[in-house]
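Chain naming follows the written order as A, B and C, and within any one chain the residues start at number 1.
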Amino acid sequence: MIKKAIANSMQRSPWLYHVNTGSCNGCDIELVACLTPRYDVERFGFKLAGSPRHADIVVVSGPVTSQSKERLLRTLEQVPKPYCIVTLGSCPQSGNVFKGSYSVEAPIEKFCHVDVAIAGCTVKPEAVVAGLYRATEILKAKREAMNK
Amino acid sequence: MEYLKIIFNILVFPGCLFVGAVGLLLAGLDRKVLARMQKRVGPPVIQPLYDFLKLLGKETIVPKAANRKVFLAAPVVGFSALVVTALFLPVLGYRAFEGSADLIVLLYLLTIPAVALIVGGSSSGNPYAGIGISREMVTVMSYELPLICIMLAVARKVGGSSLCFSLSEIAAYQQANGSLLGSVALMPAAVAMLLVIPAEVGTQPFDVAEAETEILEGPLIEYSGAPLAVFKLNTAMKMYIMTTLFSALFLGGLATGVTALDALIQVLLCIALTLICITTVHAVTARLKVEHLFKFYWTVVAGLSALSLVLVWLGF
Amino acid sequence: MMFPFIKEAMTNLFSRPSTENFPAQPVAAKPNYRGRISYDPEKCVNCGMCVKVCSPAAITREYKDVEGGQEITYHFDLTSCTFCGTCQDFCEEKAIVLTDDYLMFAEDPKDLIVSGTRFKEKVKGKLSCGEGCVYCGLCARNCPQNAITVDRATKTWTVDHEKCVQCGKCIEKCPKKVLSFAEPAPEGVILGPDCIYCGLCARKCPVGAITVDRPSKSWTIDREKCVQCGLCVKNCPKKTLSMGPIE
């Protein structure tokens, strides 16, 4: 029964950690706009955590530049399981207009499994809220899978 | 029978369960009211409980550079110190442990959670944690002096020339002579105590130690999973303990005799005090830098409590 | 220490929060919002302008030869799209529309690809009879349109091309397998007599195949570049251009 309560809490209290891998900051602005009174994603329990060790959902924005790829992978190793990765915008998925550049290593699927991809350039905050909500459901499923 | 009562006291009331539950409730109300003050909807009131349970479900990672035993023991030491503190504090009429020098024991016990945070942070081996613990040490040094002066002032007022440090006698004095908030000499001490509470709890504007965005959560940066859950619970319990201390020192004399009713009134008092001195201050101020915090506490707050001490010693 | 916002904090505490109630209540995007792409393959003329102007190269076109023609599929990859709307601006037939659907998230990036397929029928040439015909008359008997006439005695075989609907039954039934559709005559843009050399067709051409020179009254088309989209035919003010067989 406690395990069920813990799995339920996993859905109700996801902490976000944001990693910017070379983004233009458009998607970053929309992410922090979600924390403003108008969209208020805190009513679902979301909170921006300061350290990757406190994170449940890692939000990645930006086409993964060569310099930040190693740091991104190191950061992802430090996140305790279970966790989800959510990508914002089209940059992490394909590099958007930076496709084919010598310093851009998108798509991010090459080195980590993305749970929810939110498309847009830039994403609308409501889409971020809906995408993050879907990510919490995946988190709960991961926690329940870990229980077995 | 005695042992059963002691175990009940430690585990349920007013020990782990009661303090933990009321602490989480206070923390939740703080976040909800803060959100409403910022014109947002805010998380549900039991959000800290969800946070606690969620953290229990995450894996605990101990970094290679950390001292494993100290890293894992620090939050437990803080938690146990807070539970013992809660046993000493009266819930209006009901007292679990009493002694003749309660206030002095409380003074020592209240430093232990802060030291546990410092030791836990330094054992993690992270430079950000190093910055955080140095700031935490400055904060502790800043609010300790006013706290001592406040306790001395109250002790002198209640006991006359032989200082009275026992909380039960303070409560009896207040029942006989009206609450200490009413006396002119102790008014500055009450204001100083209201300013010490946010620093003890670690909320804005005095949360340099755990500055989230600046030094990535300071001493707690390497904690994850169950130890982090205990640290967050400690913060929540401190809210209850500090507000109960305030109500015991300054708002005593409201005991009705029925334990359940006493507990209810005590919780309501704690809620009111939390909203006044923790939430409102959080909503309208920005974070102070560590040197400004030091200056603020050593001039304004220490001045207020010293003023109270002087007035009480002169006999007012 | 100043407390400048205490009045606001107190008034906000007792007034309604200004949070919009999403996702309980759906929120509509503002007008002219550039959201999910919708592609109508029926309107598309396969000019390929969208593929050319897309800056992140999110639009791809693939051809697949199927029986009876060709399937032309356009893929709009939303995980690569920058939602600038240039494809919408350049599409003359308005087959590409950026709708106001902003809820684009998926667990599998393949769900975020918008595709549309158009079937282009292969134009068949005229029916002809080759060497080895024995004038059995099976083709004439099986033709549902009675377009074929076979005379065994005079060894003649004729077909009325007006009646023939190119169903292909005669080809199936022929025992000697001598019947077939000839190669279709190539189609292209034909200039009529009323050209005033205004140059609109050259301007509208997505591939730049037409060159018009007003002073010397010349109109030339590069057949290699032409993709037979028909935009010049549509936009000619004198309706003097047409799509038809060329030699």
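Just so it is clear, contacts are C-beta pairs under 8 Å (C-beta built on N, C-alpha and C of every residue); 3 or more make two chains touch, one makes a residue touch a chain.
Keep in mind that what you see is a predicted model, and the values were worked out from it rather than measured.
Asker: Which chain is most central here if centres come from C-alpha coordinates alone?
Answerer: A
Asker: Could you see whether A-B or B-C has the larger number of C-beta contact pairs?
Answerer: Between the two chain pairs, A-B has more contacting C-beta pairs.
Asker: Let me have the rounded angstrom distance from the C-alpha centre of chain A over to the C-alpha centre of chain C, please.
Answerer: Distance between chain centres: 39 Å.
Asker: With chain centres taken as the means of their Cα atoms, state the distance from chain A to chain B in Å.
Answerer: 35
Asker: So what's the Cα centroid distance for chain B and chain C, whole Å?
Answerer: For chain B versus chain C, the centre distance works out to 72 Å.
Asker: For chain A, write out the residues touching at least two other chains, lowest number first.
Answerer: Residues 37, 40, 43.
Asker: Counting only residues that touch at least 2 other chains, which ones in chain C make the list?
Answerer: 17-19
Asker: Note the residues in chain B that touch 2 or more other chains, in rising order.
Answerer: Answer for chain B, listing residues that touch two or more other chains: 35, 38-42.
Asker: Spell out the residues on chain B that touch chain A in their complex, using ranges where they run on.
Answerer: Chain B residues touching chain A: 35, 38-44, 47, 49-54, 56-61, 212-213, 215-217, 220-225, 228.
Asker: Could you pull out which chain B residues touch chain C in their complex?
Answerer: Touching chain C from chain B are residues 33, 35-42, 280, 283-285, 296.
Asker: Given the complex with chain A, which residues does chain C contribute to the contact?
Answerer: Residue positions touching the partner: 17-20, 22-23, 27, 29, 35, 55-58, 77-83, 102-107, 109, 112.
Asker: What does chain A use to touch chain B in their complex?
Answerer: 5-10, 12-14, 37, 40, 42-45, 48-51, 53-54, 56, 78, 80-82, 143
Asker: Can you tell me which positions in chain A touch chain C when the two form their complex?
Answerer: 37-40, 43, 90, 93-97, 99, 107, 109, 114-121, 124, 126-127, 129-131, 133-134, 138
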